[in-house]
Amino acid sequence: MSSERHGTVYVINPNSSTAVTQGIDAAVAPLRSTDGPAIACLTLAEGPAGIQSQRDVDGIVGPLLARAAPLEDEAGAFVIACFSDPGLHALREQSSRPVLGIAECGVLTALTLGQRFGVIAILPTSIPRHLRYFGAMGVSARLAGDRAIGLGVTELADEERTLARMSEVGRVLRDTDGADVIVMGCAGMARFRDPLEAALGVPVVEPTQAAVAMALGRVCLGWSGKTGRGAAA
Amino acid sequence: MSSERHGTVYVINPNSSTAVTQGIDAAVAPLRSTDGPAIACLTLAEGPAGIQSQRDVDGIVGPLLARAAPLEDEAGAFVIACFSDPGLHALREQSSRPVLGIAECGVLTALTLGQRFGVIAILPTSIPRHLRYFGAMGVSARLAGDRAIGLGVTELADEERTLARMSEVGRVLRDTDGADVIVMGCAGMARFRDPLEAALGVPVVEPTQAAVAMALGRVCLGWSGKTGRGAAA
Amino acid sequence: MSSERHGTVYVINPNSSTAVTQGIDAAVAPLRSTDGPAIACLTLAEGPAGIQSQRDVDGIVGPLLARAAPLEDEAGAFVIACFSDPGLHALREQSSRPVLGIAECGVLTALTLGQRFGVIAILPTSIPRHLRYFGAMGVSARLAGDRAIGLGVTELADEERTLARMSEVGRVLRDTDGADVIVMGCAGMARFRDPLEAALGVPVVEPTQAAVAMALGRVCLGWSGKTGRGAAA
Amino acid sequence: MSSERHGTVYVINPNSSTAVTQGIDAAVAPLRSTDGPAIACLTLAEGPAGIQSQRDVDGIVGPLLARAAPLEDEAGAFVIACFSDPGLHALREQSSRPVLGIAECGVLTALTLGQRFGVIAILPTSIPRHLRYFGAMGVSARLAGDRAIGLGVTELADEERTLARMSEVGRVLRDTDGADVIVMGCAGMARFRDPLEAALGVPVVEPTQAAVAMALGRVCLGWSGKTGRGAAA
Amino acid sequence: MSSERHGTVYVINPNSSTAVTQGIDAAVAPLRSTDGPAIACLTLAEGPAGIQSQRDVDGIVGPLLARAAPLEDEAGAFVIACFSDPGLHALREQSSRPVLGIAECGVLTALTLGQRFGVIAILPTSIPRHLRYFGAMGVSARLAGDRAIGLGVTELADEERTLARMSEVGRVLRDTDGADVIVMGCAGMARFRDPLEAALGVPVVEPTQAAVAMALGRVCLGWSGKTGRGAAA
Amino acid sequence: MSSERHGTVYVINPNSSTAVTQGIDAAVAPLRSTDGPAIACLTLAEGPAGIQSQRDVDGIVGPLLARAAPLEDEAGAFVIACFSDPGLHALREQSSRPVLGIAECGVLTALTLGQRFGVIAILPTSIPRHLRYFGAMGVSARLAGDRAIGLGVTELADEERTLARMSEVGRVLRDTDGADVIVMGCAGMARFRDPLEAALGVPVVEPTQAAVAMALGRVCLGWSGKTGRGAAA
């Protein structure tokens, strides 16, 4: 176990779905190593079944901060595993550890894989929220487009259909919007990454994997992301 | 009373300071008219004494939504009176009424008064949050600078000193950063607007007044800001 | 009458069509109140029948300034009711009152109603002029698209056809360009706002109403928009 | 004479100062050649002594269009020799010849000489106008700064003092704002270009020379800048 | 001969195709004059048959610098005649003469002919490279779109087909992307400019002509583009 | 050894200084793990002693590609360890492995640590090159400033002085430019990261460490960054 040398990377799934957490856990398995930091994936029991609205995003911040607080000593880093990066800056205030969001890291990673990134959202109502976020990140000039598959929770259970819709939307992002790299705008769907990339012929970024990869480096390097002045100062 | 013709503009101060709410109430008094919409200023009892951190911003959203919900039928519009516009998009989802934030409206109003706006923040830690927000609004190209007076709660009670600091920071925004209009980056300080404008010689925007003014127009016109598809869709 | 308490908001239609002025007058009627500022809508007799070219835009500035000058003492604010905002900055120099343009205020208002605004222009030749203006305003990052209905003066008289074309163009802005709020890129067509919003299912901004609403607030607050240094300094 | 082969490049000085026109004429002399297009510099008698305000800029468009109209047949191109590029787009509508503005061409030329351009304005009140223009041009990201020498007409007559102020402002643009190329924000001061460049050690663009140089190429190539659809369509 | 009065404008075609160089030479012929600078078009023998990849672009810089070095004394200016502007900044370091790239000048010239420029690329793989370059130039906000004709070297030999594809792509740039000016994204195809402009009805910029035109002005004016501090400092 | 499970991350120092390569090797040591990818740091013998000019940057691409080619089969990823990211896109074309640049990854990592990043360059002549690159990356809106320590090769050998200058420049970036995270704009100076962070009180990014950390994740995940269409297509 690596916990003596490094703190643990805690990946917090802020919705209450343990299936999503299990998907995340499987997705980050290739990033585990014998003497690297441990990676622990947690479910936020207080979270909604799915984070769909801005209300969901804002509402989860308090429970997420509470969940993270007792982990502080053990933690090497935190990853917030929801594509709206809820509580990202609040947790950065609270913790002295590196805190990464999957939307942020998914997009930043995409910037190394293509010149214009496209985002596959689940719901159309998430798109303005994404656009606000990319504007806050200052990376809108690299955005090719953000389009939704528009499937509800029940429909998402049909994996074949979900992949088909993702491929369809990805092709529009690629061919109409000019995207040469695609970011999956959700957590817990890493199992679709390989077939989606095969279907589209352009790189596909699974954002939780992207974020955990970045978190591991931060832990190994011992960069706290926190100084006397504070990252947010 | 105007309530028969129009719904009320509810101005919600999301911190628990009734002194701030009273300051807001006095500030918007010139906007009241016999047969225009009523303007009611409320204090969010659950709020912190002051909203200073991202945690404060995110944490207030739930109580704010709960406070607004029972007002829906009476409401003509809602104004969120904190310069971080907490819960702006969540309340837009919840309510079928126009919802405006004071940071948003303060900045938009400034864009009609000068070519480069400067912001006087209270605390330096708020600046990155402001910058993210201006980026999300897509107006960063018009920002001259954002600088903090850096006074704590106790110090703010000294009005002379506060005004002196605001004037000092305003002069730096004007002379070093090239701002030709200033936005006060806080609620509840409308009493300083006139002396600050006199001291600086450039227009000064008090954001709560700016937001309530815009809300009144929206109510009179009957624009809901909500359609079948939804403002956030 | 409110003239004792407040100056009058003068809405100047810079084309010579009294029908357009009457349309504007009807559109701003809901914004009138017993003790609020009076709103007077004027026609610029020297203006062309319609403002269509850059030549028209530039050529109207002199007459517009001359028309406004004698109103200065009575004025609380000026609104220039043409979507090219002709003479906006020149009138700001001349007058010590707030001066607002309908394109400016229409767009700024749209920024509070959606994340990406679409503009319905009348003529395709106006689009580059609009794009230059949005660039000067620094809000191009929020523009979804600007498309023209392409109807001439005679054709515009056919209201059914005009509304049909506006709806058609609005749907392209919404579905192809991703607009979630629409700005009507012309004055004098307020009667189409409600049916257009109903047809499109996204908020529609009528820019003259948006500008007069903002002007009223400015008058009530007594913000001159003019200081010792000058708004344009 | 070259008039048989090419049309003449008409450089219109929109202020009424023949001294300025003479300065322009001398400045473009190195661009004349035996069989290249003729270059004729004209004074707009109706213009103000100096173009200082937005009112001046807008007010000159009508006379400028009237001055240019009878030259159309002889013209190979038009250059508008005022740093606010008054009437640029209106003249483009009117004429079938290439029309260039000195601000536009001065800035575009600067983009080939450095990464961040600084502008030396005459009056501080011109700066917001410049910033709007650079925004409309979409080149604000390359702007290091725009600063004024702040000398009035009488003071400008003192050449030594004027050059000293330009050098002083240029040094601030270079050292504080990071400019690595300087654009002179006015016409008729070409005589200061060489000493200013020597004083600053970075390239200095005289905008009238830059514009006439670009106009000559356009004439020789026979690019009209006007098509069936029109440059402004 | 003009060499006594002015240095020669050396146009270096960095690929090894003498046919391309001949096409460039014919294209710039209208820019020659009796007493203006001479224009000499050179082929880089070490260059690849065509510059298609980033490897080609980077690989050509060394030979290009070596080719230019012995021309320094005779040179009035250098133009690099490949739409990727290979070695532009390296040659600016090496030479004390003005150095211009055809992509740079083609785009800057387009900014004077329309509000949104479209680029016709040869290969789709060049598009991300173009986008990076427009980003570096800070002009992305003016880009309507960049689309490729997708023809290989053999296919390009079929002139009729090439023009047909260029027209087809140009129409998509104009009608779908909203371009009102087109830049040909390649050197050596000046013969297509006139028919393409006729087919599209919007101005078409041939970038080598645009760059040589700008270079001539620079030489006549004697602006070195090099100072004590250096253009790149 | 991890080579059976993963390919090696090859970090190529494109200058010929083995001391720099040793510094890099020491800097990335904390990122090594028993069963993670091996990390091998190589010196490019053909490189200059230091990469200072654009000529150096462009000139190194050919040798770098040649050095990388025979490593392809063993490679899991490549990192180019020079802050100008020479050959980044050319190597992406050549290799089917992930290729990362230290400037790119340093900046992207900084975007997760602060809102405005400052860059400490070695030479002032590098700044325009950096600015072009940040423009190409589309992240200029997040840049606070880029300033040089201005020390030559000999002076850099004086470590105390170098750190003092870096601290001094970092303070200007922090206090004048508003940077809340600093990127070291060079490779091989990782030993200064900790003292610099301590001196400045804001996070400091050492770009080689940032890039290798990202490369490791990419290798573990098996994302090639290369598809049928190609990352650059």
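All chains are identified by letter, namely A, B, C, D, E and F, in their written order; residue positions are counted from 1 within each chain.
The definition used in the following text is that contacts are C-beta pairs under 8 Å (C-beta built on N, C-alpha and C of every residue); 3 or more make two chains touch, one makes a residue touch a chain.
Owing to the predicted nature of the structure, the values given are computational and were not obtained by experimental measurement.
Visitor: Tell me, which chains sit next to both chain B and chain D?
Guide: Common contact partners of chain B and chain D, which must touch each of the two, are C, F.
Visitor: Roughly how far apart in rotation are chain C and chain E when fitted on CA atoms, stated in degrees to the nearest 5?
Guide: 120
Visitor: Farthest chain from chain F, comparing Cα centres?
Guide: Between chain F and the rest, the longest centre separation is with C.
Visitor: Could you label the chain A-chain F interface same or different, taking same to mean over half of its residue numbers are used by both chains?
Guide: On the two sides of the chain F and chain A interface, the residue numbers are mostly the same, over half being shared.
Visitor: Could you state the distance in Å from the CA-based centre of chain A to that of chain D?
Guide: 51
Visitor: If you average the CA atoms of chain D and of chain E, how many Å lie between those two points?
Guide: Computed from C-alpha means, the inter-chain centre distance equals 25 Å.
Visitor: Quick check: how many Å separate the C-alpha centres of chain E and chain F?
Guide: 32
Visitor: Going by the contact rule already set, what residues in chain C reach two or more other chains?
Guide: Correct list: 114, 128, 132, 135, 137-138, 140-141, 180, 232-233.
Visitor: What kind of graph do the touching chains make: line, ring, star, complete, other?
Guide: Chain contacts: none of line, ring, star or complete; other.
Visitor: Each pair of chains that touch: what are they?
Guide: All chain pairs meeting the touch criterion are A-B, A-C, A-E, A-F, B-C, B-D, B-F, C-D, C-E, D-E, D-F, E-F.
Visitor: Of all residues in chain D, which touch chain F in the complex?
Guide: It comes out as residues 114-116, 141, 178, 180.
Visitor: In the complex formed with chain D, which residues of chain E make contact?
Guide: Checking each residue of chain E against chain D gives 30-31, 33-36, 98, 100, 104-105, 108-109, 111-114, 137-139, 141-142, 180-181, 197, 200-203, 205, 209-210, 212-214, 216-218, 220-229, 231-233.
Visitor: Which of the residues in chain A come into contact with chain B in the complex?
Guide: 53-55, 57-59, 61-62, 65, 86-87, 89-90, 92-94, 124-125, 128-129, 132-133, 135-138, 140, 230, 232-233
Visitor: List the residues on chain B that touch chain F in their complex, please.
Guide: Touching chain F: residues 127-128, 131-132, 135, 140, 145 of chain B.
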